[in-house]
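Please see the structure below; I have some questions.
Each chain gets a letter, A, B and C, in the order it is written, and its residues are counted from 1.
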Amino acid sequence: MSNKEKTLLDKLQTIDPRIVYGLLIVALIAPLLSPLGLPLKITPVVQKFYQTVESLKPGEIVFYSFEFGAGDYPEAEGAGIAVKRHLFAKGVKIVFSTTNDQAVLVLLKSLQSAGIPPDKKYGVDWAFLGYIPGAETAIAALATDMHATAKTDHYGTPIEQLPLMKQVRSIKDVSLLIVEGGGTETPTKFVRQWYAPYKVRYLQICISVVGPTLEPFVGAGQIIAMVVGASGGAQYELLIKRPGIAVAGMDAQAFGHVLVIMFIIIGNAAYFASKRGRR
Amino acid sequence: MAQDVVTILGIWVAALYTLFTFSYIYKENPLYRFAEHTFVGAAAGHFVVIAYQNILSKGWYPIVSKGQYVYILSMILGLMLFSRLSKKQAWISYYPLALLVGVGTALAMRGAVQAEFLAQIASTITPLYTLNWKAFDDFVIALTVISALVYFLFTVEAKGPLKTPVAYLGKIGRYLLMIGFGAQFGATVMTRLGFVISRFQFLLFQWLGLG
Amino acid sequence: MSFGTRRTIPIIITFLAGMVMFTEYFFKVPFVSDAATMLMNFGIVIAAFALGLGAANLLIIHGRHIRKRTPRQWYFSAWMFIVMFAFIIIGVGYTVNAPAYVWLFENTLTPVSTTTYSLLAFFIASAAYRAFRFRTSEGALLLISGVILMLGNIPIVSISIPAIADLAAWINRVPTMAGLRAILIGAAVGTIVLGIRTYLGQEKGYMGGE
């Protein structure tokens, strides 16, 4: 191989990263501006999550722990909104809570985006216990006695004054636990403090990077099913027949993934070609 | 009208902060540092506000509205935490921390034994004598769990006749773990692209009003 | 109070608190259950105070920068203080539900936080091109597994070539799950051992010891 070709291959391997960034920006923006509407496949695990929520009867109590901070919420935003819409449509009673201080306002924004149906009254059909400090201690205490732990709701109303909370004292009154977010740590704490002693039915919404780390709990039957990341969210939006931000972002996800795979292939091709040239 | 102005102003502020933060991919610069320090100040301020709200609702409210005077002790313990800011008086904070550590550790331990230890081992030990795909999957799971645990055995050195099989089993575990880490890398790509896409959706549709 | 007492009494408190929680878990004794509930609620109140501790620490560090006029830093620290006190004044005065507070949260904290998380996508793309190489057999296995997962995440690929989607799902469900299960079991053993060491007074990290 000639010296000029070797230099080109070496240059190809060490391209200016800003060119890579520029290509990524173009690959993500183009499908957002001109969506292709690429088809999506519903996976069995999202279907199982959907069926579990679908099997709920009106009046059953769902405890919904929302644990996303402001920064890591976007990838699962579509999933969260879709699940909340599904729950409100089922007529179940929902008790929201969080052990993440930033999650308070992120949850309220998510509820606003989901759109609470006008016939769902605060304090009767749903309630928000607010942020409870203490992480695992708070999670364990909520299972034992929600009234003694929360004391007031997020708005400062004594908890015993909420009609819904007259029916909900502890985990024994809860039909289903849904945890949205929390990385790996918070779901692990819920498995330890809610599933292990009380065997509550448990569904999880999380971002893609967290999904594999929670698979052992799904494999052991401790978590029934998970909706994972943008892809899971897009599938759930299709299942409830209300496509939203997750579906809208899937074309860009596809293009971004293709670009990263091409980068790996081209980078390695240039590397091996230049290695062979040197021999 | 005023509401629209406030909303538009908010969108512009959010867009500018987004662009300032994105400027880091070019190189670190004063605009990025300005955004970074805004975030640190905002997060710290939010901590204080949430702390204040919770001290009132979890500590103060039971004392004044329900006559549960025992919570006075919890408020005193909470205030003792702030002695941590002084090198000489930091020992005062050991007492509330001791309580937190004692309770939290017990909760973690009693849950971990059942949830992370026994339940995980039980679901790994499954019948392998049937000739179907499930048995194959169960075999791969059992092999991966056992070989990965052997790979992590650093406290005791395998000697004598056990040395070679342990080394081979550990190597198998290492390879199987690499498959898992590769899967996590694939998942990481999806997550990070999802964050970028959401920011671009905001900039294109809410800020620039395209589409 | 002597140095020995300063550390001994907290270790005793840790031990006693832990024993109450363990007794409550294994035995149904009414006053022990009440004590355990009270301890958990005390922990929640103390944790609320701990949130303020982080902010106090920031005040000290950045206050030092402003006092010393640290070059290229002190004005950023001053801005940080302005933002922090804006949040505190509005949040404490008008609660977190006030429109002004929500506006500040959604238009300052949220965009910077989300954008910071998203920066890694660019570095992953750059690393994919410049650094990820099939140099060793383990590295090759990692990259191949990663590429299969990524292909499975592309909807058009998983629909047109179902075998790739099935393989990606299998990798997630079987070897990945099992590998992380091994790590989880190891971490559980670590949690138990660390807990025992804490109750025996061997772990003094929370008291600034070794």
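Convention: contacts are C-beta pairs under 8 Å (C-beta built on N, C-alpha and C of every residue); 3 or more make two chains touch, one makes a residue touch a chain.
Just so you know, these numbers come straight off a predicted model, no measurement behind them.
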Most distant chain from chain C by Cα centroid: A
Chain pair showing more contacts of the two, B-C and A-B: B-C
Averaged-CA centre spacing for the pair chain C and chain A, given as whole angstrom: 17
Separation of chain B from chain C, taking each centre as the mean of its C-alpha atoms, in whole Å: 4
Intercentroid distance (Cα basis), chain B paired with chain A, Å: 14
Where chain C touches two or more other chains at once, by residue number: 40-41, 43-44, 47-48, 50-51, 96, 105-106, 109-110, 113-114, 116-117, 121-122, 124, 143, 147, 150, 153, 172-173, 176-177, 180-181, 184
Per-residue overlap in chain B, given as positions that touch at least 2 other chains: 25, 43, 46-47, 50-51, 53-54, 58, 100, 103-104, 107-108, 110, 112, 116, 120, 141, 180, 183-184, 187-190, 192-193, 195-196, 198-199
Contacts with 2+ other chains: residues of chain A: 21, 24, 72, 74, 101-102, 104, 132-133, 135, 137, 140, 208, 211-213, 216, 219, 231, 253, 256-257, 260
Chain C-touching residues of chain A, taken from the complex the two chains share: 13-15, 17, 20-21, 23-24, 38-41, 43, 69-74, 101-102, 104-106, 108-109, 132-135, 137-138, 140-141, 144-145, 148-149, 154-155, 208, 211-213, 215-216, 218-219, 231, 250, 253-254, 256-261, 263-264, 266-268, 271-272
Chain B contact footprint on chain A (complex, rising order): 18, 21, 24, 28-29, 32-33, 72, 74-75, 77, 101-102, 104, 130-133, 135-137, 140, 151-152, 156, 158, 188-189, 191-193, 195-197, 207-209, 211-213, 216-217, 219-222, 228-231, 245, 248-249, 252-253, 256-257, 260
Chain B residues within the chain A interface of the complex: 25-26, 43, 46-47, 50-51, 53-54, 57-58, 61-62, 65, 100, 103-104, 107-108, 110-112, 114-116, 119-120, 122-123, 141, 180, 183-184, 187-201, 204, 210-211
Complex contacts: residues of chain C adjacent to chain B: 1, 6-7, 9-11, 13-18, 21-22, 25, 38-58, 60, 76-77, 79-88, 91-92, 95-96, 101, 103-122, 124, 137-139, 141-150, 152-153, 168, 170-189, 191-192, 194-195, 198-199, 206-208
In the complex, chain B residues that touch chain C: 6, 10-11, 13-15, 17-18, 20-22, 24-25, 33-55, 58-59, 70-71, 73-75, 77-79, 81-82, 84-85, 90-91, 94-110, 112-113, 116-117, 120-121, 124, 137, 140-145, 148-149, 152, 173-190, 192-193, 195-196, 198-199, 202
